[in-house]
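Here subunit A shows up in two complexes: once beside subunit B, once beside subunit C.
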Partner chain A sequence: MVNPVLLIAVPLGLAFAIPLFGFISQKLEKYIPPVAMLFNLIVSLSLIPKVLEQPIVVSIGGFPPPFCINLVAGPVGVLFSAIIALVGFLVSIYALDYIKEGATEKYHMLYLLLLTGATGVVLTGDIFNLFVFFEILCISSYALVAYLGNRAGIESAVKYLIQGAIGSSLVLIGVALLYGLFGTLNMADIARNIDSVSPISVFVPLVLLITGLGIEGAIFPLNAWLPDAHSSAPSSISAILSGIAIEVGIYAVARVIFTVFGASSIFLFLVLLGLLTLLVGEMSAFSQKNIKRLLAYSSIGQIGLIVFALGIATSYGVVGGLFQIISHSLSKALLFLAVGYMIYRTGSMDISTLDGMGKRMPFTSLAFTIGAFSLVGLPPFVGFPSKFLIVRAALAKEEVLFTVLIALVLLGTVIEGAYFFRVIQTLYFKGKRVSPNKREEAPIAALIPIGILMILIIVIGVYPRLVTDILNSAASELLNRIGYIKGVLG
Partner chain B sequence: MSFLNHYIYYIGAFGLIFIGLYIVLVKHNLIKVIIGLSIMETGVNLFLISIGYIKGGTAPIFSTPEIEAARMVDPVPQALVLTAIVIGVAVLALALSLAIRLYQHYGTLNLRKIKEQRW
Partner chain C sequence: MSLELLLIIAFGGAFLTYLLGKLSSGVRNFFAVFISCALAAIVAYLYGKPSEETFYLGFLGLPLLLRLNMLSWFFAIAIAVVGALSIIFSLSYMKGREKTDFYYLMMLLVNAGMLGIVLSGDLVSFYIFWEIMSWSAFLLISYNRGPALAAGMKYIIMSIVGSVAMLIGMLSLYANYGTLSISEVAPFVASASSGYILFILIVFSIAFGIKNAVLPFHTWLPDAHSEAPSPFSAVLSGILVRMGMYGFLLFFFVIVGSKLFLGLGRDNFHYILAWIGAINIVIPTFIAMLQNDSKRLLAWHGVGQGGYMVLGVALGTSLGVTGGTFHIVNHPSYIALLFLVVGAVEYRTKGIRDLNSLGGLIKRMPITFIGALVGACGLIGLPLTNGFVSKWLIYKSLILQGHPFLAFAALIGTWGTILSLYKFLHNMFLGQLPEKYRNVEKAPFNMQFPIIILSLIIILFGILPGIPLKVINSITTSFGLESLNINIWGIASETGALNTINIFAAILAVGLIVWLIFRAGPKAAPIAQDDNYAAGAYVPKEKYHYTVDFYNPLYRMISPYLRDFIDEFYMKLARGTQKLCGGIRHVYTGDVGHYVMYIVLFLASLIFVQIKWGIW
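Coming up: the complex of A and B.
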């Protein structure tokens, strides 16, 4: 059996080895992130059959839990680490050709650190360790947002850093309060003892943790940094931030609510918060003229949908939410990667300058179209089964409230469709100025990851059974906290 | 006065946290905002330390046989604080280097005047 520690240790070690490889050859640096992520992808996929039977608990230092820092590679952790490795691998191939200027070795190092932090967050079983990995993720993403060094990038990075630093301070206060109450940092051990103290004293750390982690997860009203940061970063980083970083934030919120606190009384609040995030995100996206800002606001909307689905907290709802995370990671990464070279060719982020792209860059435009259709939820793309599951979960509640709420969610989807179809119309049907025989397709290193993402979106959309096993057991890990506690503490 | 004796560290810690938060929310100058973040972090670190503190307690090392475990200061929060300080230094360094770049681009550190990115 492969030890899940390698999922964190190998990319972390390689990240710090990148400057050393630079001594051998400057060209070697950029091939390190794909190698590390390919390794992670293979290890995660090979762990899936084992964790479907029972979670793998790794105790570091030889002490039994709860006295050690432990890694819990359950279905949720391995599912997320596989998504992170997959998207990270594809985006790092894209970056081989896309990142040419500036301090490239720092880019690749920070990129690998960001993914290491994300993998650490989803695998750890210790709440302070979660905070540390979260900080690795956040600090590298602050620096990467500012990578281009232009006015917009620096300004957004400053905004992101101030809000993120407040968030991490709140998380740390929450962790300190939990330690003061329970004398332990192990999430399973806290979860076991959570009912032994009065609900009021648990409420304050819960609020602090949700607020702090929610800033990184961009839950409304904590999402002010997101549109700036995602639109000013290099496109490969936007793809990672949208496709991975905010999902990891949502994972942390879900883990805290479902497993650590078992706070079933705030599920309805989560549903309403998700709906609000969805509507605010989609309505703001509708009025955007900048293509990357449009995609960033659409990410907020999708995050709202995920939170909504997780808040339903039935088996169908959580499966739908996790499925939506997969669908959003693949589709939004594809959209940002496709848009990256369109912006590169036109030199502007304005949607109106994209007209005629369907003829200039046919493959990239096709990729954008598939990603957009998938996010809107059209069959046969991966967005369809995930949205379908969420609607089904809400209707299965058989309450009038949820029927009304899901109607509002579908209204949000209609808005989403409206703005995406407007962009697609610009791509294909407005190109009168450009002569049709002028082709400027993206380079091959960008087309390979775009192509793989397109194939994955269609394949998973047609055969959702490929992922249902791992999704079902991941949902039951989140919903069944007694099982999680028993799995970790024995 | 016994109230103060018991809770003085907690009062101090939360005082620092709220002072820091106030500075971050109210001040316009980026350097002052960064100072606010730093004060807030110091408050959080003080809070972590005071959770494990015992008045007159010793270091958790069994150097002589008569030391009993109940009189020892909890070492875990101190380890946490060390980590948190290192993270704080990284954030602070990044924030200050961003502040330099921001000044190069805009010629000002007043955050109210830097408004190119809007909703």
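Coming up: the complex of A and C.
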């Protein structure tokens, strides 16, 4: 069996080795991230059959939990690490050609560090360790947002930094309070003892953690950094931030609420927060003229949908939420990658400059169309089964309140459909007819990941059962606290 | 021939057509025609071979089914025939235009999606095919650029609203009964509380009403129909819109069942629906009369004719449902025909649709004119056309049921239809031929062919209505409605017999007499236009066109009452939403100080709520 530690150790080691490889050959460094992520992808996928039976718990240092730092590669962790590796791998191939200027060596190193941090967050079973990996993730993303070195990039990176730093300190205080209360940092151990203290004293660490982690998870009103950061980063980084980073934030929030605190009384609050996030995100996206900001706001909307689904907290709901995470990662990564070269060709992020792209970059435009259709939830793309599950989960509650709420959620879908379809019209039908021989397709290194994402979106959309097994057991891991505690502590 | 294979051919053929288009446009055209005709042939072959099969096991734990019965066959054949004819028509219409590969792909995809809808044996596949049809139709409506973009947006937004409603209804059924197969869910629904059935029917009625352009959901239709490429307008108005009617039939009579449906809401639900149908006939038909764009005029009739179908189906008697269902299949024959006629005229006059600037084309395009005449007669419902039979059935059932006001509304609608189609025929084909169209050629053969075929269908089903009525009768009896006594000439029953052969004979006799009288009288002599014309005043030969502002006095009289208030309301709503969205966006002020404040406030309010109310 492959040790899950390698999922963190290999990319971490390779990340720091990138400057060393730079001594051998400048060209070599950009091939390191794809190699590391391919390794992670293969390992994660090979772990899936095993973790479906029981989670793999790795104790570092040889002490049994709760006395050591441990990794818990359960279905949730492996599912997320597979998504991270997959999207990370595809985006790193895209970056081979896309990232040409600036400090490329640092780009690749930070990129790999970001993904290592994300993988660490989803695999760790220790709450302080979670904070550490979270910081790795955040700090590398602050730097990467500013990578282009222009005014907008630096400004939004600084804004992101300020808000992220506040979040980190809140998380740190929360962790410290928990340590003070329980004398342990192991999540399973805290979870086991959480009922032994008065509710009010665990409430403060809970809200600190939700707020702190919610900033990275882009929950309204903590997500104000997102539109700036996602739109001014290089498109490959936007794809990672939107497709992975905020999902990891949501994972952390969900892990804290579901497993550590078992806070079932705030589920309804989570549902409402999700709905609010969704509506604010979609409505803000509606009148956007900047394509990347539009996508960024749409990410807020999608995060709202995920939070909404997780907040339903039935197995249908959590499966739906996790499925939505998959579909959002794939679709949004695809959209950002497609848009990356469109912006590169036109030199502007204004939606109105994209007219005629259907002729100029037919494949990329097709990719954008498929990604947008998928996000809106149209069959036969991956967004449809995930939306299907979420709506079913809400209606299976058989409460009038949830019927009304899901109607409001779907209202958000209508708005989302409106602005995405407007962009699609711009790509294909707006403006004057351009002469057909004016083709400027993206380079092959970009088309390969775009093509793979398109295929995945369609294949999973048509055969959702490819992922439903792991989703079902991931959902039961999140919902079944006792099982998690037993699995870790024995 | 399994149904699965049929759909594989339909979808695979669509994509193959696109790929072949990259090789050569000739091969692509041939293949597109071949595929669409093959589909029609296969569907025709499947007549009377009911079947049900599972084509996909376990889509999120649900089996997806395909099934063929009389109802679905009936719609499938209409889809396949209209699809094939419009593809044939497209061959010259689309020649030399951009993105033709894409156009054919989408036409065939819409076709395949519609076939999928009617062949679905469960609601998930129904929804999937419904959505595929909706988005491919959106891409086709937007094809013409310019104003078509706004039309496309209007269409797709309303369409998404409809599918949202459908999704809620469908998943509510799933959450309650654990199955979505139509045959399995029907008995559950039949035993549900009437409040729940009403909820389900209202939710689905929104979805189907939007697609079927029933008031107050009709506003997307006039724009979409008039801006789409004409062959697609024929498909759109003829059959795509009628998928909503298919949905109504499916839900009212197959899933809920006729008895429950009629008794719903203390017998009032279907009655209200019938009134909506009646209003739907009157208002759009008169709005149609005011239009000067030929396609827009027809589009409004598309809305109006939908009213007849809703009216017939909502009555729920065998005569009414038969009439409504027959009207559904008659409608594509003449409305598609008229759209194709407009397309042919558009093609020859280089895109002119304005009724005020056409005229006299009868001399240049005689076959097209005959098509227009037959189509107009069908749409009006003159005897010897199929429109007469279906309208007769609807009127008859209204009178038998004792609904004089509804019958009167239907009648008024027919007046409006006559007036507006007279304008349509006259302004395009009769009167003076403008100088610039002096050299217009007749439509090419592949445009005339579908026109002729559709004209023949209209007349054939008008004289021998028994052929389709037999099929419809077996559909209505499967709904649990009383069987009608059908013969090849019409209906034989005590309450109301219809015998088209008598009508045929009478018209023949009258025609003969008229012809004899004209024969006996003095011969008419043609004289030049400026000879003793217009009371001796000089008539400028080029500019004079007396069809401009047809019905102007009438227009002045009724137009204040016929504003599309609903559309205005929606547009206001859209602008309001846009403003609201623009306002919401300013939550993100761009000032990091505010953002930090949000975070702190969020944290503080959570703690405050907990301390104050102790929620956790």
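Note that the second predicted complex is superposed on the first by the 488 of 490 C-alpha atoms of A that agree within 3 Å, B and C clash if a C-alpha of one lies under 4 Å from a C-alpha of the other, contacts with A are read in each partner's own complex, and residues count from 1 in each chain.
We adopt the following convention: a residue touches a chain if its C-beta (ideal position, glycine included) is under 8 Å from a C-beta of that chain, and two chains touch if they have at least 3 such contacts.
In this text, all values refer to a predicted model and were calculated from it rather than measured experimentally.
Trainee: Which holds for A:M283: it touches subunit B only (first), subunit C only (second), both, or neither?
Mentor: Touch status of A:M283: second partner only.
Trainee: In the superposed arrangement, which partner chain does A:Q425 touch: subunit B (first), subunit C (second), both, or neither?
Mentor: So A:Q425 only meets subunit C here.
Trainee: Which partner does A:I162 contact after superposing on A: first (subunit B), second (subunit C), both, neither?
Mentor: Both subunit B and subunit C are touched by A:I162.
Trainee: Based on the superposed arrangement, let me know which partner A:R465 touches: subunit B (first), subunit C (second), both, or neither?
Mentor: The answer is second: A:R465 touches subunit C but not subunit B.
Trainee: Let me test your reading of the model: by the given contact rule, A:E398 touches which partner, first (subunit B), second (subunit C), both or neither?
Mentor: A:E398: touches subunit C, not subunit B.
Trainee: Tell me the contact category for A:I154 with respect to subunit B and subunit C: first, second, both or neither.
Mentor: first
Trainee: Which partner does A:V58 reach: the first (subunit B), the second (subunit C), both, or neither?
Mentor: A:V58 contacts neither subunit B nor subunit C.
Trainee: Counting only touches as set out at the top, which of subunit B and subunit C does A:L38 meet: first, second, both, neither?
Mentor: The answer is neither, since A:L38 touches no partner chain.
Trainee: When both complexes are superposed, which of subunit B and subunit C contacts more residues belonging to subunit A?
Mentor: C
Trainee: After lining up the shared chain so the two structures overlap, which partner does A:P227 touch, if you call subunit B first and subunit C second: first, second, both or neither?
Mentor: So A:P227 meets both subunit B and subunit C here.
Trainee: Would you please give the residues of subunit A that touch subunit B in one complex and also touch subunit C in the other complex?
Mentor: Residues common to the subunit A contacts of subunit C and of subunit B are 158-159, 162, 166, 227-228, 284, listed in rising order.
Trainee: Any idea which subunit B residues touch subunit A in the complex?
Mentor: That would be residues 17, 20-21, 24, 30, 33, 37, 40-41, 44, 47-48, 51, 76-77, 80, 83-84, 87, 90-91, 94-95, 98-99, 101-102, 105-106, 111, 114, 116-117, 119 of subunit B.
Trainee: Considering only the defined contacts, which subunit C positions touch subunit A in the complex?
Mentor: Residue list for subunit C touching subunit A: 58-61, 98-99, 124, 127-128, 131-132, 134-135, 138-139, 142-145, 148-149, 152-153, 156-157, 160-161, 164, 167-168, 171-172, 174-176, 577-578, 580-582, 584-585, 587-588, 590, 592, 594-596, 598-599, 601-603, 606-607, 610, 615-616.
Trainee: Quick one: which bits of subunit A touch subunit B in the complex? Just the residue numbers, please.
Mentor: Residues 128, 132, 135, 139, 142-143, 146, 149-152, 154-159, 161-162, 165-166, 168-169, 172-173, 175-176, 179-180, 185, 227-228, 232, 284.
Trainee: Please give the residue numbers of subunit A that touch subunit C in the complex, ascending.
Mentor: Its residues touching subunit C are 158-159, 162-163, 166-167, 170, 199-200, 203-204, 206-208, 210-211, 215, 221-222, 224-225, 227-228, 263, 265-266, 269, 280, 283-284, 286-288, 297, 358, 373, 376, 378-380, 384-385, 387-389, 391-392, 395-396, 398, 403, 406-407, 410-411, 413-415, 417-418, 421-422, 424-425, 428-431, 433, 436, 464-465, 468.
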